[in-house]
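Multiple structures are listed underneath, in structure tokens.
In what comes next, chain A is part of two complexes: it sits with chain B in the first one and with chain C in the second one.
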Partner chain A sequence: MRFFNRVWTRTFSYIVLLAFTAFFMVPVIWLLFSPFKTDHQLISENPFALGTLENLGHAVRVMFTFEDYSLLNWLKNSAIYSFGGIFIALIFSIPAGYGLAHTQFIGRRTLLGITLFVMIMPATALVLPLFLEANSVHAVGTPLAVILPFSFFPFGVYLAYIFYSSSVPKDLLAAARIDGCNEWDVFRRIALPLARPIVALVTFFAFVANWNNFFLPFVMLPNSTNYPLPIGLQDLLSTTPAFNPGQGGQVGIYRPELAVATIVAMAPVMIVFLFAQRSLVSGLLAGSTKE
Partner chain B sequence: MKSVVSTDAQSPQGTTDSLSSKLRRKRKNGVAGYAFVSGYFILLALFGVAPAVYAICLAFTSTGGHFVGLSNFIKTGEDFRFIPAFENVAEYLLIWLGSLVVIVIGLALMLHSIARKVSAAFRFVFYLPGALAGAASVLVWLFMLDPTVSPWRLFLGVFGFQNLGQTILPGHLPLIFAIIAFWAGAGGWIVVTYGALNNIPNELIEAAELDGAGPLQTAIRIKLPLIKKWITFMLILAFAAGTQLFVEPQLVGEASLGLISPTWSPNELAYYFAFQNNNFNYAAAISVDLLVIGLLCAAVLVFRTKLFEVE
Partner chain C sequence: MAPVSLEKLTKVYPNGFEAVHEFDLEVADGEFMILVGPSGCGKTTAMRMVAGLEEISSGVLRIDGVVMNDVSPRDRDIAMVFQNYALYPHMTVGENIGFALKMKHIPKDEIEKKVRETAEILGLTEWIDRKPAQLSGGQRQRVAMGRAIVREPKVFLMDEPLSNLDAKLRVQMRAEVARIQRRLGVATIYVTHDQVEAMTMGDRVAVMRSGVVLQCDKPQTIYDHPLNLFVAGFMGSPSMNLFEVHLGEGGRTLFLGTQKVELPATVLAAKPSLVKFANKDVVVGIRPESLMIAGTKTNDNAKDFVFFEGDVDLVEALGSEILVHFSTDAHRVEAEGVYSDDAEGLDAGLITQRGEGVARVPPETQLVIGERVRLQVNPKRLFFFDPATGLALSE
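Up next, the complex of A and B:
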């Protein structure tokens, strides 16, 4: 009886897990297959029929040359905003995390508490206030209006804090002080070289968040030459006859071309995911709890 | 003297430290502390605190800059689009949070009961769509929901959907956004829940099995109560993020030929006030409403659960 019970639960588990594998993977697989087909084939043929390289070449050519290589421009913008934000975030969050973990100063606990609050609060809640603020200093429309808010990354500070307080023993730093290091030297020679895992973690989380961010650049950057990829995707969506039959077909953006743009938009994050897979699973937990 | 000053305060010598040297150490260390956090502090002030304070100021003043009390909150609250926007999001949250509790936990429990290597592969596959969060995920799902091209067309046909317009009818949106959120976000939560389950000591589970508990009973009576705080954590974070819905209704609205209201979610309404009506005070009032919800969620997490212990 127990044995049958066990076998039955296991079989049931695998059926459910495989069903959800289909749910999660079919859209990704369909997306990767679709540029190999023409728009007409997408409608008329089996969804998983194989297309041709010729069609892929056509879709890629049309998509990349669209509006004078807009896609490449969006890609470049996305890269500048994401990495600009990450770079500044790293410069400030690593010393901050170290300072919070290993120095004493008045207001330290308060700063830690505020960091925690801002980190938990969804970043989207601050987008319109940030816009109103940027608008009052006439910064709307400049790339810095996106990069600087990106560079404020409290989660990164918290990760650095957790890392320094749990993995870098106070004794190690005290030993350096006895050897004559001043506070800055202790940080630069001992703590900073140990920060490599933090750099990786912060870069990963900030990259995924920045790269996919839609709302902030959407309100801050009204000019299409400044668009990052997500806003570019919306721009494509509004001009394509595939979803807006009223739009003329002269721009030549149909479903296969849209799929190319979507793949270009997701590819960098997907690549990062594949590389970070191992450290990711532990990182997800490290970020949310302190052992 | 110097060595006593710089050894750890918790060491025995620390207690015999003279008061003045203790203070000196603290002050010296304190100056360094400020230097380390100063850059971050400026960012926090400029891009965390200042926008919130500025929004609050705007929310309590008129376009002319006069203090008007709660008037902006009342007027936006009475706007005919206000209640529907919150209702839409509430309906979406109900489905999204419900699916998190039932499906995410269910899947995590199943993953936890099978071989580690196999479960690692499943977890990765479930997590992968997270790469398409945001605009890309919406675009993918517009394809999935379009019966003319969707790989699920048979399935959509069962419900009688012939074209995209029929699938994305306004009444279906809460469910559709929940599906998109689940597709892109559930994997991360499955990984977190699985990790929490992994932290349960094996002896506990073995003891339950010795006492004759089946897999289902072990899951419900032993495993679930032990990961309760993680479930709370997941629900509060998902709730806070869900109230901020913007990109999904914005993009689906783009493809709906004007069928879907441009003020479907509260954030869209705030955006609409700012950009269509040029009424920054109303926009700020709604932003403050949403900020308060976010802050409350954070407060509950910080003060009511013991997940974020700072020292």
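Up next, the complex of A and C:
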């Protein structure tokens, strides 16, 4: 009886897991197979039918050379905006979290409260005021209009605060002070090197958020040469005859080419995740165990 | 000139709590000074004020004659060993030890030489390239010591450095720390809640409670002549037996509960102030090792002794000795803090319960639980305290 119970439980959990895996993986697998087919095959044939390498070559060639290498330009833009934002976010959030965790000053709690409040606020809600702000300093249409809002990353401040208050004991900093450090040395030589897992964590979350952000660059950047990938993709979608028959095939972009562009947009997040994975786990677990 | 002098050092927190009250202390050159007391007594706060990690509310701190109240920690020329070691996790043992020298911009080869010497003294040579996470508790403790001694500072501050070690290692390191301190001859302030450390390591001991120093003297003097009930109860393990008794007419008899105990004339001669307590209550203190079981062969020539009886509740054989827990019907002593609920400094199991007592007797003594035994004590070894003030009765 117990044996059957166990088998049944096992089987049931496998079925549930398989169902979820299928739900999330089928679109990804379909996407990876798409560039190997022609637009026609994509609609008419079995979704998981294998195409040919030739088709892939064609789709990649068309997509990359499209409008004077627009895809590469968007990729470059995305990288500049994302990493520019991350860079500035790190410069501010790590010291800010450290300050909130380890110094006493008037308004510390208020500041922490505000950080939390802004963190839970949806980013899209801020786009309009940010646009007005950028507009008033004539930054709209320039990379700064995207990079500066990207670098505003309260979640990073909060992560750093949690890390410093839970995993860096005050005595460690006191020891450094007694060993001859001034406040800047304490931060630079002790607190900052210890923050490595949190730097990885902030980088990862900020990267995912920045890279996938659509609405903010969409509002801030009217000129297609400044587009990051998500906006470029949307632009492509709207000009593809398959989605927008009115456009009538003046551009050679069909669904396989779009699939190529989508994979290009997805890949960096996956690569960053693969590399950051180990630091992510240690960063997320920081402070949960006593040294 | 004393390396460290504290003059009416006081710490009041913003919420009004006074952690340290007018602390006066002079630590002489090379002296090993111990601050001991239950947790929350202000000993660590006092030390952190010396280190510069806590602001001084009032009073004057001098190191080598220079007022240090507003000098930052890095300019005080002190070294500190923390309870949790506070080693820099991202640095190797060598880098940890040499960090303070690096901050002083001492040339690299000189740092390396000093780090090597220090590691040698502490037996850390083979671990010098390891990170703290790869070391055992005892090794980490040594690294923390190394970080302090490599600097050759004017003062060592040690904040319960042994309390995170297991019992066996603690005993070993206790001797080692004391040995290193003697060898370097640097004035040291050592905070502990462990009265054994206080007794064995220090040249002098300051017993603190509630931010106030109750007594500051050589360990043996404190043990032999505690100034008040708290010090008497705190120093010594198992702690001193304290009974509230009623003194009879002229101070020649005392009533331990329902038992009448005759006091020899020598007691009154030695403590004339006892007469004032005739027909009143007084607290009697007896160290466990002063108590003997009457009639055992180790002490049959005991005619000047004082006797009373107690029921054996528990017998703890420790191999080298036996601890006999007994109860009498005497009143329990309720001086504040004497039997601290915070027993971290006392060996668990050895704490005397209120109104009960412990005797430390030779291992061959035959005892039966529940049996009534006759206990004897040399009257010279009796302590007397005023139950109202808690102060010891003067000679």
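Simple rule for what comes next: the second predicted complex is superposed on the first by the 264 of 291 C-alpha atoms of A that agree within 3 Å, B and C clash if a C-alpha of one lies under 4 Å from a C-alpha of the other, contacts with A are read in each partner's own complex, and residues count from 1 in each chain.
Keep this in mind: a residue touches a chain if its C-beta (ideal position, glycine included) is under 8 Å from a C-beta of that chain, and two chains touch if they have at least 3 such contacts.
Values in this document were obtained by computation on a predicted structure and should not be read as measured data.
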| item | value |
| --- | --- |
| Partner chain in contact with A:V62 - chain B first, chain C second, else both or neither | neither |
| Contacts of A:F273 with chain B and chain C, given as first, second, both or neither | first |
| Touching partner for A:F92 - first (chain B), second (chain C), both, neither | first |
| Partner chain(s) touched by A:F20 [first = chain B, second = chain C, both, neither] | first |
| Touched partner set for A:L172, first chain B, second chain C, both or neither | second |
| Which of chain B and chain C A:L148 touches, first, second, both or neither | first |
| Partner chain in contact with A:V140 - chain B first, chain C second, else both or neither | neither |
| Touching partner for A:V199 - first (chain B), second (chain C), both, neither | neither |
| Touching partner for A:P122 - first (chain B), second (chain C), both, neither | first |
| Chain B versus chain C, judged by how many residues of chain A each one touches | B |
| On chain A, the residue positions that both chain B and chain C contact, one per complex | 171, 174, 177-178 |
| Touching residues (chain side chain A, partner chain C) in the complex | 169, 171-172, 174-182, 185, 190, 193-194, 291 |
| Chain B-facing residues of chain A, complex | 2, 5-6, 9-10, 13-14, 16-17, 20-21, 23-28, 30-31, 34, 42-43, 47-48, 88, 91-93, 95-96, 98-100, 103-106, 108-109, 111-118, 120-122, 124-133, 135-136, 148-149, 151-152, 154, 157, 165, 170-171, 174, 177-178, 183-184, 187, 208, 212-215, 218-219, 229-231, 233-234, 237-238, 243-246, 255, 258-259, 262, 265-266, 269-270, 272-273, 277, 280-281, 284-285, 288-290 |
| Footprint of chain A on chain B - complex, ascending | 2-3, 6-8, 26, 28-37, 39-41, 43-44, 46-52, 54-55, 58, 103, 106-107, 110-111, 113-114, 122-136, 139-144, 148-153, 164, 183, 187-188, 191-192, 195, 214-216, 233, 237, 240-241, 243-244, 246-247, 250-251, 254-255, 257, 267, 270-271, 274-275, 280, 283-284, 286-287, 290-291, 293-295, 297-299, 301-302, 307-311 |
| Residue ranges of chain C touching chain A (in the complex, touch as defined) | 51-53, 72-74, 76, 78-80, 82-84, 86, 88-90, 99-100, 103-104, 133, 147, 151 |
